[in-house]
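Two complexes, one shared chain (chain A), two partners (chain B, chain C).
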Partner chain A sequence: MVDLTDIVFVGMSVVVVGGAISALEAREIVYGAIGLAFSFFGVAGLFFLLDAPFVAVFQITVYVGAVAVLILFTVMLVREGRWMRDSLSSTGRLVGVLTAVVLAVSLALAFAASSLLKTAEQATAPSFTGIGQYIAVQYAPALELLGLVLAAAILGAMMLAKVERKDKP
Partner chain B sequence: MTKTILTFRSFVRHIVWLVAWLLVIVAVASVPAYFILDAFGINLLTLISMVLANPQVLPNFMISLTQTQPTESLFLFTTFPGFTFAALFSSILMIWVERKFVAKIQLRVGPQYAGKYGGILQNFADLFKLLFKEIIIPDKADKKVFIAVPLALMFVAGSLLALVPAAPDFYIANPSVGVIFVFALIGLSPIIALLAGWASNSKYSFLGGLRALHQMVAYEIPMILSVLGVVVLSGSLSLVSIVEAQSGIWFILLQPIGAIVFFVALLAELERIPFDLPEADSELVAGWQTEYSGMTFGIFTLATYIKFYALSGVFTVFFLGGWFGPSPVPPEVWFVLKTFLVMLVMMLPRAVMPRVRIDTLLRGGWTKLMVLTFVNLFLALLIVSLGLYHAGGL
Partner chain C sequence: MITLTDYLVVSGALFAVGAYGLVTKRNAMRLVFSVEMLINAANINFIAFNRYLWPEALGQTIVLFSIALAAGEAAVILAVVVVAYRLHEDVDVSELRSLEG
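What follows is the complex of A and B.
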């Protein structure tokens, strides 16, 4: 008996993998960015399926709402006709396929060897208040370190922008 | 449109293409069919297995299908807080109200001839005009994205509508992370504007799309931060619980700064005057909607006004106590009245204000509103930490 969960899972997986493939393979680079956004949407759907609405909604807010917009914007600024007009050489293609196969097999073996496949028992879905308490109490040092890293990134970006402006006459 | 099949290669491609479309259509149609039938109390999978095992079940099923009643969830989706009401209220009534209201403030008459009173049928006339107009797709436009953009905007508007609770029992969805959900959906609109501008392949559209992107990104963050105070006070991210926390006192009285910042950010998000730079009609024709004609433009207008209604409803939920009001009037009516009022106040600047400049707009969003939201959050934390307020009353 096929469960509805399985149907939705397969549908979402198709969206994720199809979006990722089109993100890599699209000739028009904007289509690639749209495919990436679809892939992020599919991942959000998978999180919904896993009873984690908090993570799913943040997946949409951060990845589709911010990262995909940033990528689209950057891509449009440098738009120069059609990209990737010349196809890959056959050796390059062979090496790529071989790398992908090796990576996929090794990842599958690693998953099979780990204990991930055995944790099938029903766990209670974590609420966002619980996540917030964990972050604010137990992992507070990590949170503050992350804040420092972000602040450093913003300062670096500002420095770069300033240097660029000085170069201009 | 038929394609001639000349070679074996094109034949194979044709077959693969057909199978792919068939798979997509089945996958897209089967899941909604499952849920709709589930709402009527019929499980599609058990039904199929029963029919396969015993073909005589099918006539009985046909009989039972004619006897089922539409359920409440279907009513919610389609009728009251859902799509039909919002579309009629926001696009038919509110467009007329807006035209008449702005005209009266500016000492004009407004629509006058269609219909018995005050040109109330003018919108229907405009709708039929749009329906019969040709949809022109520019020659150099990217056709797929060009057609997909109005549908995507409609998707965002309809999804926002599903999150707004209109009364204790009248809501479509009440996720535990409703507030973030609202902002996730709002965050999709810059992509849509940018893609519309890019796909039209016109300089006006592209400039409008870039302006929309800058404006929406600049105002999204103050918008999210201004609601944090409400979240702190109500202790919940669910829209229904936020309304229930306002049974004693409305949050606009405890969070006036947050309400003002949220209101301004809403105006910018909805691209209404004074923040209508993305569709500045004196400079950019119609901004990122320039190349859209006929009913695609109609869909843009409908989606914009549904979004307008939904976000006014969100303002009502956050700051004006949602459905609460003196008792003889039912809560649904209170919600609609308050939303109507918010929409009217949002229309006011259109009548009297000029458009702001882009640098003023961006500086205002990134610096002034941001500082105000932090002041507001500090006030909310002060109220809670001094023990002046607990969710549900003073």
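What follows is the complex of A and C.
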């Protein structure tokens, strides 16, 4: 029996994997960046299907809204003819495909061997109100550290850009 | 009905595509794409296992941290890419050898 959830799941999976493939194989890297944004969006759809709406919205705002746009801006800022060139040797491509296939097959075998995966879906979804308790109580130090890491990342990115500007008075 | 295995298959496929990109591509931007794909595959796994196997939202909390870290990482990598491009006029990672001894 096919219901709406299955159709949505298949559609989102196609968006995720298809977007990822087009991100790597699109001839123009700008289109690749857009494919990557679609892939992020599909992942957010999967999160919705998994009853994690808070994480899904977070994924959309941060990944689709910030990271994908940041990537798009970078691609456009440094856009040039040589930039588009993608050195493709046939042996390199063969090795890459082989790696992906071996990885996928070994993952599939591991899935098939695991008895854990036969457990049924839980009757009630984990409530996302628990996230607040985890963040505020148990993982409060991790949250503080995360803030420091993000501040350091932003400062580092700004420093990199600033050093560059000093070269060209 | 969607089982846990279905989600794991999707995330495994995404991971395989990302690994393929890491091995094949020499363009720094495509490598950034690949790393983001690997992170997203791991996040799907966290949420799926959380939904099927754990009654509390611990996996979702971890994914929130992971997404925030990935955003910071992307900002730094993109800054490095822009600087490398301005210095070398190229983003082919096999051409960036100025740190080589």
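By our rule, the second predicted complex is superposed on the first by the 139 of 169 C-alpha atoms of A that agree within 3 Å, B and C clash if a C-alpha of one lies under 4 Å from a C-alpha of the other, contacts with A are read in each partner's own complex, and residues count from 1 in each chain.
Assume a residue touches a chain if its C-beta (ideal position, glycine included) is under 8 Å from a C-beta of that chain, and two chains touch if they have at least 3 such contacts.
Note that the coordinates shown come from a computational prediction; the quantities given were computed from them, not determined experimentally.
Identify whether chain B and chain C fit side by side or clash on chain A in the overlaid structures.
fit
Determine, under the contact definition given at the top, whether A:S127 touches first (chain B), second (chain C), both, or neither.
both
Looking at the overlay, does A:I60 come into contact with chain B only (first), chain C only (second), both, or neither?
first
Applying the touch criterion given at the start, work out whether A:V69 contacts chain B, chain C, both or neither, answering first, second, both or neither.
Only chain B; A:V69 stays clear of chain C.
Quick check on the superposed pair: does A:L36 touch chain B, chain C, both, or neither? Answer first, second, both or neither.
second
Please tell me which partner, chain B or chain C, touches more residues of chain A.
Answer, by number of touched residues of chain A: C.
Should A:F9 be classified as contacting the first partner (chain B), the second (chain C), both, or neither?
Second partner only, chain C.
With the two complexes overlaid on chain A, what is the closest approach of chain B to chain C, counting only CA atoms, in Å?
14
Just which bits of chain A does chain B share with chain C as contact spots?
54, 58, 66, 127-128
Where on chain A is chain B touching in the complex?
Touching chain B from chain A are residues 1-2, 4, 7-8, 11, 14, 28, 30, 34, 37, 53-54, 57-58, 60-61, 64-66, 68-69, 72-73, 76, 127-128.
Any idea which chain B residues touch chain A in the complex?
27, 30-31, 34, 45, 49, 142, 145, 175-177, 180-181, 183-185, 187-188, 190-191, 194-195, 198, 213, 217, 220, 237
For the complex, which residues does chain C have touching chain A?
Interface residues on the chain C side: 1-10, 12-21, 23-27, 29-30, 32-34, 36-37, 40, 43-44, 47-48, 50-61, 63-65, 67-76, 78-83, 85-86, 89-92, 94.
How about chain A: which of its residues touch chain C in the complex?
Residues of chain A touching chain C: 5-6, 9, 13, 16-17, 20-21, 23-24, 29, 32-33, 36, 39-40, 43, 46-47, 49-52, 54-55, 58-59, 62-63, 66-67, 70-71, 74-75, 77-78, 80, 82-83, 85-88, 92-93, 95-97, 99-101, 103-104, 107-108, 111, 116-117, 119-122, 124-131, 134-135, 139, 142-143, 146, 149-150, 153-154, 156-158, 160-161, 163-164.
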